[in-house]
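Next come the structures, one after another.
The two complexes that follow have subunit A in common; it is paired with subunit B in the first and with subunit C in the second.
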Partner chain A sequence: MSAPTDLGRADVAIIGGGLMGCATAYYLAKGGVDVALIDRTEINREASGANAGSLHLQVYIHPHFPDDWIDRIRPTIVLMREAAKGWATIEAELDADCGVRLGGGVWVAESPEEMALIEKKVAAERAGGVMSEIVMSNELRSIAPYLGEHVIGGSFFKGEGFANPLLVAPAHARAAKRYGARFFTNAPVTGITRESSGGFSISTGRAVFRASRVVAAAGAWTAELGRMVGLRLPVEGHAIQVQVTDGRPLVMLDHLLQHVGLGLTLKQSPNGTFILGGGWPAYYDRQQQRNTPLQNSMMGNAWVAARTVPAVGEAQLVRAWGGVGSGTPDGRPILGESSQVKGFYVCYAPLGFTMGPICGRILAEHFLTGEATVPLAPFTPDRFLEQAS
Partner chain B sequence: MAMDDMTIGLRVRVKAGVTRGERLSFTFDGKPITAFRGESVAAALLAAGERTLRITAQKGAARGVFCGMGVCYDCMVVIDGEPSRRACTTLATEGMEVETLVGYGASR
Partner chain C sequence: MTGSIEKKDLVIIGGGPAGMAAAVEARRAGVESVCILDEGISLGGQVYRRFGPGFTVSDQHAAGHEFRAGQTLIDEVMASGADIRTSTVVWGIWDKRIAFVRDDVSASTIEARAIIIATGARDRPVAIPGWTLPGVITAGAAKTMVAIQRVLPGRRILMAGSGPLALAFSAQLQALGANIVEVAEAAPAPRSLSLAKLFMEGDLETMIDAARYRTKLMISRVPLSYSTIIVRIEGGDEVQRAVLARVDRDWRVVPGSERTVEVDTVVLGYGLESSSELSRLIGCKLSYDRQRGGWIPERDAELRTSVPGVFAAGDGSGIGGAKHAEAEGRVAGIAAAGDLGALGAGEANSRIAVVHARLMRMDRFLTTLNQLYLVGPGLFELATDETVICRCEERTVADLDAIIADGVRDPNIVRALSRIGMGRCQGRNCASNVAAAIARRANCPPELVAPLSVRPPIKPVPVAALAEERPQSASETVTS
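Then we have the complex of A and B:
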């Protein structure tokens, strides 16, 4: 057997070409770091490109979540505050159209119990610097006149909205390349080994790449990369789906709308199509390794959407597709360097489309200066160590 | 070629070795269109030389059959008063009233 092809080396190798990896590549390259990104297929092929484009800048919560959910994720709220600032300026930062629309974000409730959860959420957000507000019936309808009769109240945060998942990660990748970042695609990483020099050797089948440091930016596949270096990184993925309607008259004011009780994200793109999401389960086709929409989820999701915004009932569904959701046991991102495997960094967040750009920026800040705008301690990969034994 | 062949689109339809279903007629914006049973609305309209099946809502641009297989939704028309029906996945039937979908179409 011949020796594996030597792909070269970089100071930092980022594994994963989703939004998280592309944003990390951009901010590191902009900071002067010699960086290479490696992806098993092409950039933006999984969750980053297949999600519904929601920018979740209010706490994502539903009644079936654990009672202490807000306490678990509380340190993340400061990161969300920074993410909101970032999305407002991202197109100028990258000099690219990312389809960003920040008309504001509306969460709605249909019952006092659901409203109580929204009140708990808003209190935590405001304490963390995300200045959402409780808005009741008439006031809410003046903000969101498209709402149906079942809504009794909710919350509003003016920094929320949506962006186009087909544009955001590629825009980061192009900007990263302008600063010299290199991209290797169709290169599935099969192993990561520590070299005697202290760096890493990354195998991609018949080729090998060397780097002083590695950033795992593999989203739902983070746990697999962790196992390659002996770390437990408990990220679990699940199949979810999105669907879109034909174009209808514009009514939704560039809002992101969410229903706390029934599972809904809803927005209307500038061309009039409604985009329906909310984490409805899809089917994972193991043979094709593809997430496929389920008809029951399509119908349930459409029912909630039309119940909440009657104008959706006038529309026709034209497409549905499967995407990838993922999370950690404590609901927090995993950001930073492992103390067990020095030089191995993790850049992962639940709701990764919303959090990708800020996580990439914060990780790069920390990498370049040893400090970051947001304290990284609550997000350290080390927090899973003691559970490993 | 006989005049009748032209009007029923036989310059476009394959003739040799094809057995067609029963001939039928529907209207497109009031004009009579000939189809054969088993043909889609899109196929019959294309054979009749109708290229523009809808006008977009925001820019007023013409759209027609693009993918031809039910995926792109560019060939949406109004069928018997119901907007946003795909011409390519709807079989032509006798007496069907097909109209250009202008903008969002009427509210259902």
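Then we have the complex of A and C:
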């Protein structure tokens, strides 16, 4: 691999080879745009490949979130509705196995207070077109017979489930390449400068790349890219962990299960392994330069999982890893072009594994036609400019 | 939430020769609280393994000299006042906090002032066609079956491997009644000059052992073929026959030399790999030693790793055998006692010096021995496209090659893309074969291929054991 000083040029350069970037590359290339994707290592190496595979198509909420959380994220619910449609057809769209299982999504509560939060969540979801339902004890148990004794009720949404994080972004990348998208890996972006012609010059560890337009699809590292062009994009990342058990008899019916009060996502993969998540914190090991699971999180996560689904308590924990979570202050995605830096687009969403494909598609629609299935106004990167002034 | 955390001056992980010797020396030096954690149901490790429950040893001599050597050390450590916990699996270490599960049910944590990692070695996995057939076992497993459980692994046994251990295993198996059809040694027959060098450098006992094993095999008329490798194993549902071939110095097959032997059991003994997962987990600086077991922690003369307060001793930090491990354990135990303030620096140094002299002689011997039995690259070229390389996830060499052909050179990325190394064994049965395949394709030495990263749990652990206690405030630890 000799290092050319000029990597080349493209109409659009996407920075970031996670699911968001790969999906954007796919939909743009499919629309006939000359697109190149640049990643600092290989594709799918961070959050997109290291999450638990949950498809969060109900509102993600917990008791310690701010009181007005649902109001803050409300515009996102329409996007979730579209995302649910997209996940149902994604394997056909890409002609690839993405490990998608949409057995439905169960949220559970153990107390009236937790149940009240689920009711609030469901009301907002239904108003936005996500047709979840409240289900109380007996009915819930007929839907999810694997639940433990502490659960009093919850909600159910048919379109929820999970996918395989190891497959989804690579499937988008392969499909994008079929439409001519080019991929440059091991090219960390160190600077983005505006050229007099109006385009951008992107410095990487290897060489310089030129593009008329840039899409920042860097997940938890979005803020860094924003700073390179003088924009404030307040995305904050944090280390979270996932654990996996050995294979056990299938009991979970391809459901995604979440506990509103205790912090749990749980699913059972087709090979029988339980996948335990729920945003439990990991830590960044500076010496080894990677996110690493924490003992307390591993034990706490195991406790919640075995309490909620007793069959998990019979399994053995086989592996765990640290991934990346991230969010914005208003909990909404950042999608669209900056009015301050014309030609600079942002494609970011919290819960980016769930939202990656739809965000990539919506941004590409907007890019190609000036319009999109879902209005982009609530997600504009400009909203942080106003806050800054 | 992890209950009350016990405190100990020194925790030794692994109760084989290195761990036991370390405990004995540390206690002798006056370290107040010394704790050994071991997975086995009793102390001893692989070589000094005890008989299982239900066995009584009526004649120590008949049990073999390894048994007696082990018993001496076990008696010493039992009398030393060390806190010994068997059936105990360490699943993670955070700083100096060691998390473990005992008897598969109770999770606890000990905070240590110093740690000695003495986790030993395991048989090198060799992915050849047919290696997953029932009836194929590793030399270590065969030895445990025969010597400890007194069960013969089969009726007609082929022993294929390399090195003095392969020979020793064969002789031991034969002596215990196993029918060994042939011993195939991949290395050439040692020349008299090399043997003379070994005699010069080796300790007499080891050489007498080796001569005795060879004589035993000759007396029992077991064919011993040098420069011979196992090419593949065949059979329907189980082993029916094996194909052997002559090899050159790189262990590459001499065309036309293949022949078939009818056997129902194949024992593979192509050397050992260091179980260095814990050293890797806590971020010890590593180096690659092809002859001493792969990725092993770098250590100073007193066996300190690059992580302050953490020592590594025995085969888990470089293969040297039981006696070598025991000597290293002594050095680490004394050095840890010195660092913990139980022993003055002068006294520690003079105690270490005695062991060092012995270790240096053993190291010279090992270097010569390893040169004789250096694993040839041909061993890793026997697999075909259909050969399973990752048993846990059932992935083949073709699956691996497809990814390497795409330009991937990092086993961690191979794992993410193919699930090779992701299963229950966490790479123990495939990592070295994956690294060899990458090295071959990239035309680079194996040390340029990154080691597979290690995370807790380093061994499977029951969810129920970890889920014993309600976390203090689960919901507050959740982030959006």
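FYI, the second predicted complex is superposed on the first by the 383 of 389 C-alpha atoms of A that agree within 3 Å, B and C clash if a C-alpha of one lies under 4 Å from a C-alpha of the other, contacts with A are read in each partner's own complex, and residues count from 1 in each chain.
The rule is short, and it goes like this: a residue touches a chain if its C-beta (ideal position, glycine included) is under 8 Å from a C-beta of that chain, and two chains touch if they have at least 3 such contacts.
What you see is a predicted model; the values in this text were computed from it and never measured.
Colleague: Determine, for the superposed arrangement built on subunit A, whether subunit B and subunit C clash or fit.
Modeller: Once both complexes are aligned on subunit A, subunit B and subunit C clash.
Colleague: Determine, under the contact definition given at the top, whether A:238 touches first (subunit B), second (subunit C), both, or neither.
Modeller: Once the two structures are laid over each other on A, A:238 reaches subunit C alone.
Colleague: On the superposed three-chain arrangement, identify whether subunit B or subunit C touches more subunit A residues.
Modeller: Counted on subunit A, the partner with more touching residues turns out to be C.
Colleague: Tell me which partner A:248 touches in the superposition: subunit B (first), subunit C (second), both or neither.
Modeller: The answer is first: A:248 touches subunit B but not subunit C.
Colleague: Check whether A:280 is in contact with subunit B, with subunit C, with both or with neither, and answer first, second, both or neither.
Modeller: In the superposition, A:280 contacts subunit C only.
Colleague: Using the superposition on chain A described above, determine whether A:272 touches subunit B (first), subunit C (second), both, or neither.
Modeller: first
Colleague: Look at A:204 in the shared chain and tell me whether it touches subunit B only, subunit C only, both, or neither; answer first, second, both or neither.
Modeller: Neither: A:204 stays clear of subunit B and subunit C.
Colleague: Using the superposition on chain A described above, determine whether A:318 touches subunit B (first), subunit C (second), both, or neither.
Modeller: both
Colleague: Figure out whether A:48 sits in contact with subunit B (first) or subunit C (second), or with both, or with neither.
Modeller: The answer is neither, since A:48 touches no partner chain.
Colleague: Now that the structures are stacked on chain A, which of 1-9, 163-171, 361-369 or 433-441 shows subunit C clashing with subunit B?
Modeller: 163-171
Colleague: Name the residues of subunit A shared by its contacts with subunit B and its contacts with subunit C.
Modeller: Shared contact residues on subunit A: 246, 314, 316, 318-319.
Colleague: What residues on subunit C touch subunit A, complex-wise?
Modeller: Answer in residue numbers: 1-2, 91-92, 94, 97, 99, 107, 109, 283, 408, 413, 416-417, 419, 422-424, 426, 453, 455-457, 460-464, 466-471, 474-480.
Colleague: Taking the touch rule as given, give the residues of subunit A at its contact with subunit B in the complex, in rising order.
Modeller: 246-249, 271-272, 314, 316, 318-319
Colleague: Would you pull the subunit A residues touching subunit C in the complex into a rising list?
Modeller: On the subunit A side, the touching residues are 42, 44-45, 49, 60, 62-65, 166, 170, 238, 240, 245-246, 261-263, 278-281, 285, 287-288, 290, 292-300, 302-307, 312-322, 325, 327, 331, 350.
Colleague: Spell out the residues on subunit B that touch subunit A in their complex, using ranges where they run on.
Modeller: For subunit B paired with subunit A, touching residues are 56-58, 73, 76, 84, 104, 107-108.
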